[in-house]
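Chain IDs A, B, C, D, E and F follow the sequence of writing; residue 1 opens each chain.
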Amino acid sequence: MSVVFTILQRDLLLAWRRTAQVLQPLAFFIVVTLLFPLGYTPELAQLRQIAPGVLWVAALLASMLALESLFRDDAADGTLEQFVLSGQPLAALLFGKTVAHWLLTGLPLAVVAPLIGVALGVPSAAMPGIICALCLGTVSLSLIGAIGAGLTLGVRRGGVLASLLTLPLAVPVLVFGARATELSIAGGSPAGALYLLAALMVLGLTLAPLAAAAAVRIGVE
Amino acid sequence: MSVVFTILQRDLLLAWRRTAQVLQPLAFFIVVTLLFPLGYTPELAQLRQIAPGVLWVAALLASMLALESLFRDDAADGTLEQFVLSGQPLAALLFGKTVAHWLLTGLPLAVVAPLIGVALGVPSAAMPGIICALCLGTVSLSLIGAIGAGLTLGVRRGGVLASLLTLPLAVPVLVFGARATELSIAGGSPAGALYLLAALMVLGLTLAPLAAAAAVRIGVE
Amino acid sequence: MAEFFAMGGYAQFLWPSYALAILALVVNVIVARRHLAAARSEARRRLEVRAGDAE
Amino acid sequence: MDWTWFHKFGSPPHVYRLAGRLTPWFAWPAAITILIGLYGGLVLAPPDYQQGDGFRIIYVHAPSAWLSVMIYTTMASAAFVGLVWRMKVAHAVAASCAGIGAWFTAVSLVTGMLWGKPMWGTYWVWDPRLTAQLILLFLFFGYMALRAAIDDPSRADRASALLAVVGIVNVPIIRFSVDWWNSIHQAPSVMKLGRPTMPVDMLVPLLLMLLGFTLYFVAVLTIRLRAEVLRRERQASWLREVLD
Amino acid sequence: MYKDSNLAVSRWHVFRGERHVLRGLGFSLTAGRCLQLVGDNGSGKTTLLRSIAGLVPREEGELRWGDVPVDDFATLHAELAYLGHDPPLKADLSGRENVQFAVAVRGARSAATLTARVEAGLQRVGALGFCDRPVRTLSAGQRRRIAFAALRAFEVPLWLMDEPATHLDVVGCELLRQLIDEHLDAGGIVIAATHQDLGLAPHRLQRLALEEVRAS
Amino acid sequence: MYKDSNLAVSRWHVFRGERHVLRGLGFSLTAGRCLQLVGDNGSGKTTLLRSIAGLVPREEGELRWGDVPVDDFATLHAELAYLGHDPPLKADLSGRENVQFAVAVRGARSAATLTARVEAGLQRVGALGFCDRPVRTLSAGQRRRIAFAALRAFEVPLWLMDEPATHLDVVGCELLRQLIDEHLDAGGIVIAATHQDLGLAPHRLQRLALEEVRAS
């Protein structure tokens, strides 16, 4: 367990040393969500309707964008190889990295969501549900993304391929996430969809680190 | 001039070495488009309305994902340094790289736009305008992206500024691009927006290679 | 006969479907056989290299 | 328990020879069944009382749709065996499946679209079943793209096998989520044949086509498998045997 | 310290792509001995080291560690350290942080022992003067010293070193010799691929010459 | 071939970050001479080479090439080749393609001369056996040979080499000596940072020892 924290600490420290990279997915998320009113209509009543789709697609794409860098630096400088050789369970180490990745990309999205919600005319009563859905959903996205990033280690322009591999796998998260958001905005109870999102997350938490570890082991060779 | 072709040839060869990679942007756009119906609604009448946003977000994302690696590989293996030392105008070399990048990511997007359009219920009369807008706009995105990619080489020094600089530059392209697309779909004439896009492109063509060269020169140190 | 090909007005949807399906059936056989032929000649080449190697 | 059969299946020369011997046993029955099925479907079966002759698309659409799902399952199972028991032959089976699977997924999509135009008035709707099928196509594409991107064959085998296995876990989840997603909107209920039960002269050709396509798949698989086994093989001795 | 360490490799076959690089190679090493790999460029030194570490799969062959055959490399990994061509350091962290994390990742230990070992390692390689600067700003030789500090702080019996003398100055080469010597004194085992004279006592040194395979 | 090449550096001051690494250094070299840089790790060898190439800006100092002071490095770049710690090769291209593009990027020339020079370079370094494989599959020493082939094919008078002997086997080191010798024969100039004996005739060799600056 303690190695998970070691990795977490290391990755957060590294991110702190390089703030610019951390802000990129967030900036992307904001630009994308704000672009829609520009391309669609300035009317809030109509914007509200597309808000779930916009929020979730933007979140998914921001995740994909950040995924590129999940293992890349560590693979390039040989750190990943050292992880494989560390004698510790690789799945735990990668889990630590994934948690750090989520804290740096998924969580910020959930935090700025209320702001963007306002711009898209989402009623403030819907915010708790939306934030909750984004939190749960982005965890799954990070976990699924870790598998894709592991599989494309050492592949040129791996970023595009990684997204190509993960997007189909991420469809359920998108569907339930958008559904929870939609229900929140419509004033209904998003509980059902949130449970499903949580279930996906739990499934991801148990399986994804193992799959990612297997992928990385194949990839460092 | 001939070095521009040399670089172009080299980058295209590198892409061809991995044949599958050339098809990736294509697959990628289709997958991204698939996300919107899933996140929003399956109804074509409504999808048509968000089509401009979808197309341009996909363009932006594809540009950004691929841009990450525009100079990174060359910087990592020392090729970029050799470019600086080549005795040839660096702006020309980088222009060659940018053109190759556009051919591999921007152009395919414009080419598959009709397909994406059908899935989003865009009338076929709107296609010429949309393709035209995408062609012009993606050139600008690639050029702006080259500056950003150059700046991020020296990101330790440049800090937050570098990466946040490019997105605001891309916003005008997105606005005019989405506007042209919207007008095309609505049956109006997109000429005005297209002229503005073309103007942005020309501006980019003259200034961006110089700016990118300056950024790279700082970055390789 | 013409009536058969007209397929009750559905010809323009039906025949392309059948054509595509049959194309898929044929193409897959051809591709598979090509792969096999290529693999055999490559294996033969490798064997020759090995043989030269052993000397 | 007797494991010799397992080892036998793991042995490339045995598989190579076995596959070669099996090919005609599947190829000819497949050809005959498909031809009879086509004749039955196009000529003998009566027009549907609602869809007229348009329903005949079913004889190519349903078999290819069935085949696509079947092939993905086969591919993922083989990949799993290859990963866990490190069986080269299983990897070869998985690799052989992908191309065929992608073809038939595409055929089911396009024939479905061509059927959709006269039935629903549009080539494409975002219906759950259609969407899930489209995602299946992308799983196949992803698998092939990953294989193509890695050039060390053994690494490509293992990485793509992992993807296939993760994908199969996800296939039921995708189906489930997509069904759930669409349930809030109106469901296109046209996607049923006019009558609940099919008359025998419609049904028999369909069953024949399903059988024929399946046999066809096994036949093509045996050919591709032989190619894949050869490409992976490094032991010179039996290569010499089978080539001469 | 590592009294009973002992390594035996036999019938070792490794492919890289289609090339049969290592063909049935074998050797054995007991505590306190060093194997120096020599051979032309492209003869398979790196391949051998990486396959012993389990980073490149072997086609065939047996590896015994402490007289037990190793099938799953996970157990062996806790006992070995691999130092490849480039030192595995994060450019944005300081040298000390790099060593700290590298050691911490290898298992939970009290903060005190960790700090003590890191400190001892850094001091031994003479890196105290520059170990608090970001690795990005270090010279090539300084980076290698940081990597040596980590290697020493791991405290594992088996060292696999690929061209360890790269980038080192005269003092650095002498340091390398001493580090290896001390490790062997403690009962460790070293496999090093290098053409330089390691300057070890003859009874501690074993040499293995690899030959390049000319094919395709 | 490069008869009148001649390089003079004086009052050379370079900072890395806050460190005043090179303090008022100077030397001069004429056609057919080689300068060997020695000095402890971190003494500034790499910094000197990179600042002469203009990759690191100098704080102060004068550089003369052919008796003309160089202010804008663009002109000097056409005359020099810099080979750093890692060979600048694209892993997905073959060795031959790498050399071809490296030469082509340095300016428009007829395809025939280009091919001839590339071929000659590859042959000279003994890379014909492996130059058609993707660089990704080459060993460290094989990669360096490809880089040497490119260096030779550039046909420029000034070579800046940072630890050129890295990863080379015995044959490779001898090859390096010959390459430098031939380049000097042709009237070229070489600056090489290395601790290994380059084995050049004494009248061709000049040594410059750098000292580490002890300061925070």
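In this text, a contact is a pair of C-beta atoms (placed from the backbone, for glycine too) under 8 Å apart; a residue touches a chain by one contact, two chains touch by 3 or more.
Everything quoted here is computed from the prediction, not taken from an experiment.
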Centroid comparison with chain B (C-alpha atoms), farthest chain: E
Dominant interface by contact count, named by its two chains: A-B
Relative to chain D, chain with the most remote C-alpha centre: F
Cα-centroid distance, chain D relative to chain F, in whole angstrom: 57
Intercentroid distance (Cα basis), chain C paired with chain B, Å: 37
Inter-chain centre distance, chain A versus chain F - centres from mean C-alpha coordinates, in Å: 46
Where chain A and chain C are represented by their mean Cα positions, the distance between them in whole Å: 41
Interface hub residues of chain B, defined as touching at least two other chains: 14, 18, 20-21, 24, 27, 31, 34, 38, 41, 73, 156
For chain E, residues contacting two or more additional chains: 17-18, 57, 92, 214
Residue numbers of chain C (touch at least two other chains): 46, 50
Chain B to chain F touching residues, read off their complex: 2-3, 6-7, 10, 13-14, 17-18, 73, 77-79, 81-88, 93, 220-221
Chain A to chain D touching residues, read off their complex: 147, 151-152, 154-156, 158, 161, 164-165, 167-169, 171-172, 175-176, 178-179, 182, 196, 200, 207, 211, 214-215, 218-219, 221
Touch list for chain D against partner chain B, complex: 122-127, 131, 134-135, 138, 141, 144-145, 148-149, 178, 181-182, 185
Footprint of chain E on chain D - complex, ascending: 151-154, 234
Residues on chain D engaged by chain C in the complex (per definition of touch): 34, 38, 42-43, 47, 52-54, 56-57, 60-61, 64, 99-100, 103-104, 106-107, 110-111, 114-115, 117-118, 216, 220, 223-224, 226-228, 230-231, 233, 236, 239-240, 243
